[in-house]
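Note that the chains are named A, B, C and D in the order they appear, and that numbering of residues resets to 1 at the start of each chain.
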Amino acid sequence: MIEVNPIIIIFAAIFTSNMIFSNFLGMCSFIAVSKEIPTAIGLGISVTMVMTVTTILNYIIYWTVLVRFNLEYLMFIIFILIIAAFVQLLEMVLERYLPTLYYSLGIFLPLITVNCAILGISLFMVTRQYNFMQTLGYAVGSGIGWLLAITAMAGIRSRLNEKSIPEGLRGTPITLIITGIMALAFVGFSGMVQIQ
Amino acid sequence: MNTILTTIFIVTCITAILATLLTISNKTIGNYGEVTLTINDDKEYIVQGGNTLLDTLRAESIFIPSACGGKGSCGYCKARVLEGGGPVLATEKPLLSKEELDSNVRLTCQCKVKQNIKIEIPEELFNVKEYAVYIEKIEQLTSTIKLLRFNFGDEEISFKPGQYVQLKAPAYEGNEEEVYRAYSIASSVNDTHAVELLIGYTGGIATTYVHHHLREGDQAHVNGPYGDFYYHEDDGGPIILAGAGTGMAPIMSILQYMADNDIKRKAIFFFGARTVDDLFLLDKLKMLEEKLYDFKFIPTLSREESQEWKGEKGRVTIAIDKYVEKGGNYTAYLCGSPQMIDSIVEALLKKEIPLEKIYYDKF
Amino acid sequence: MIKKSEVKKIFKKGIYTENPVFVQVIGICSALAVTNLMMNSLIMGIALSFVTAFSCLTVSLLKSYTPKHIRMMVQVLIISSFVIIVDIYLKAYMPNMSKSLGPYVGLIITNCIIMGRAEGFAQANPPILSFLDGIASGLGYTLVLLMISSIREILGFGTVFGFQILPETITKWTLMVMPPSAFFILACIMWVTNNRRLKLERKGVEKR
Amino acid sequence: MKNSLYYPILFMIAVTVVFIAILASINYMLTDTIAFNQESELRQKILYIFDVLPENDDPQEIKRAFDEKIKQKTINDIEVYTLIENNQEAAYAVPINGPGLWGSINAYIGLNKDFTKIIGIEFITQSETPGLGGRISEDIYKNQFRNIDIEGAADGNYIISSPQPGSNVDAIAGATQTSSAVVKMINEDLNTFFESTGVR
């Protein structure tokens, strides 16, 4: 394995290996919640936070428990259980103690458990054999990349004039086409920085 | 074998820890204690806080219609929250109009009960329930109208005379979608373990189901009661009832209510039909005429050629013109097709009966 | 017990009227990532149908015993267990397929179709119906995947399930091999189905 | 009962035990098959580099051929595979890796016993665009690396990709970046190998 600086991994995760545009993860909430900019930013920030914390938890459990007892084949179960439990706990805590934060970000938490981007990060961290700092960089970068992508999409969609689009293309289909074009644009970043 | 046991042990430890964490926090952080839920300013419930309003109401057997199951995407579960609902959430805004936001309307599946809360919901939702019923009796009244008696078993329904229930027509051979159709209750409100419906055959999904597929003893589903067409205890003046075909159903319920409660009001029932063959439930009406304080049944036939018919002929409005006194302090209940009701309302207005004393149910 | 008409309705909903991918717009992450080859799509579709059907069955069996606050955990545990079974099976008997699907097998867990059916259908319906519903949704998903991948594979590689059908000499359309093309094709499929639906709706209005 | 403190935990434990027991048993039964599959793939690739693949690709056949002809050996801390012919080392497969366009590429490159010729290449992992850079895994590209004389190569440029003058390998049309990445990693890693081991 080539040692890569965690800072470079952050940039790579934002641009060259953007979760949405090159791995297509987290598409469901990306399409459903990208109608307005404030909502998109709220969801993006929640995703980034949850992604960072759960990836670190999963990293620790993976190397201290799963690898030691040869249980790597069970990583899916453990990872998703940790994500689900963490999201639910976080929701309860925010709702009780930080209501303002809850009303702006917490309400998106139930959408996050089934967001494949979160689980995806934990799985890629294992297949790419990152060390702790690299994992941290990768999680933070991917979160920011996701936030950037959904905000950009919300910006475009809020300026889209629905009337000038053929009726059958309105809504999801046109969003998919825009995403496709954006993905092609992001191909331009390839080769700029390396992720592995 | 050993490896399998260690695996089970380790994973179980992890899930047990997570489950414990969640359970404890559910008992502590997620526990908002008991709060008071006030509905429409008069009914109070002591409920467990921490759940959504929709779930809380459901636990109290108040069913607010909801199609998406609490995901905040259908926008059906609206209700006015007057106090204690917290700020409107971003997940609700796309589904609420400006007027609704101004009048404190919220999505009950998103709004959580964390403190004492006051809400307002349509009164009729209190009683609405879904009942699993079976068909006790089917009676062919005329060539196209059947009377069906749905038995509720141990359950009870409470409704006002004149209200309707919805009957579910499930998918059957030749029909793939499930539909609900409304039918007025023809039976007495005291008969709480059953409802009787009059259902005429029109060739539609639900009436085809009723006329060609339902047999005595079959299972069916109804929910209700609904509707703001029902008997009003007002000034006690004389009552005009008018209907045609299956529109007799709510009127029968009103008449039986009057008989059961010995209400001493003058009542006159104009029933429109084409020929003698289209008249039904005559024995029951005869009985009511004897039992009630002052009740007259006036069938008017528009197409009867036979010389034996001694009753009224022509349209209902002609009979009304003949029997109703101008300026009498009447209250009117009408149930029938829109055209029929429009013409009767016109005739009643001519008799100087104010519009607010004319209740009707168009179908 | 179970009426034929009800089964028929479930399948019609899963495959056409409420197709998870192009009507409900869920579970499209993997629909885009694995559709460059038809074989991959087929295996992915079968795997997803298997997981959805059995997860729904189990969730439905356990629904009345599951405490509310750990329902989410129980559901993800059930779903991920079935995914691991699929993963182990592919690794043991179809190693090449396992390699080319890579992490997307694991990501079946977070495919919203499974969670959606488990929460939306299995939670309120008897086990056998839930099982059939799972198969129907999975089938609907598989068909869309195959539709997208057939276009991509023919234009991008000139092959169908790996068999050359276009002459070797044609210029391959590279864009079709690259992931963004899946967006365009899915959008077009939705466009066609939307138009059909709109046309039917308009006809319905005129009739009335 | 559902509201008690212990019920949810016990319920969770029960569900976990049942499911993990099933999974652990399945895994236990299939572990060997999976491990064999993974080894089999590597064996096949190493045999391919030396161009000594058995005619049928039955995994057992491959294992026999591999055990018979290939030995693992460490030259100066670098793990290489050697081809044994007539009880003598006849060729070597040296690991090389480097960044591709999308992710790192891991490969083995085959050298003859005097380290004067490249005799083959095989990619172990690569995540290049299928149909473009991904075509480095196709035989048509890899077979170009059979029998390339590197004895007289200047400045450690053993492989020169077209359209450079004096090229000995054709780049993949439309995937210039991947092609040059492969060339770069071969040249760099071979140089390091030769310098550190001093075999030449």
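We take it that contacts are C-beta pairs under 8 Å (C-beta built on N, C-alpha and C of every residue); 3 or more make two chains touch, one makes a residue touch a chain.
Bear in mind that the values here come from a model prediction, so they are computed numbers and not experimental data.
Colleague: Taking contact as defined at the start, I'd like the list of chains shared as neighbours by chain B and chain D.
Modeller: A, C
Colleague: When A-B is set beside A-C, which has more C-beta pairs in contact?
Modeller: When A-C is set beside A-B, the one with more contacts is A-C.
Colleague: Whole-Å distance, chain A centre to chain B centre, using C-alpha means?
Modeller: Using C-alpha averages as centres, the distance is 48 Å.
Colleague: Quick check: how many Å separate the C-alpha centres of chain A and chain C?
Modeller: Taking the average C-alpha coordinate of chain A and of chain C, the gap between them is 22 Å.
Colleague: Roughly how far is chain A from chain D, going centre to centre by Cα mean, in whole Å?
Modeller: Result: the chain centres lie 31 Å from each other.
Colleague: Quick one: which residues in chain B touch 2 or more of the other chains?
Modeller: 3, 7, 11, 15, 18-19, 22-23, 26, 30
Colleague: Do you know which chain A residues sit against two or more other chains?
Modeller: Answer for chain A, listing residues that touch two or more other chains: 22, 73-74, 77, 81, 85, 88.
Colleague: Please list all residues of chain C that touch 2 or more other chains.
Modeller: 67, 69-70, 73, 77, 81, 84, 88, 178
Colleague: Under the touch definition given earlier, write down the residues of chain D that touch chain A in their complex.
Modeller: Chain D reaches chain A through residues 20, 23, 27, 97-99, 101-104, 177.
Colleague: Which chain B residues qualify as touching chain A in the complex?
Modeller: 3, 6-7, 10-11, 14-15, 18, 21-22, 25-26, 29-30, 86-87, 89-91, 94, 110, 112, 114
Colleague: Using the touch definition up top, name the residues of chain A that touch chain D in the complex.
Modeller: So the residues of chain A in touch with chain D come to 1-2, 16-17, 22, 73-74, 77, 128, 190-191, 194-196.
Colleague: Hey, which residues of chain B end up touching chain D in the complex?
Modeller: Of all residues in chain B, those touching chain D are 3-4, 7-8, 11-12, 15-16, 18-20, 22-24, 27.
Colleague: Going by the contact rule at the top, pick out the chain D residues touching chain B in the complex.
Modeller: Touching chain B: residues 5, 8-9, 11-13, 15-17, 20-21, 23-25, 28 of chain D.
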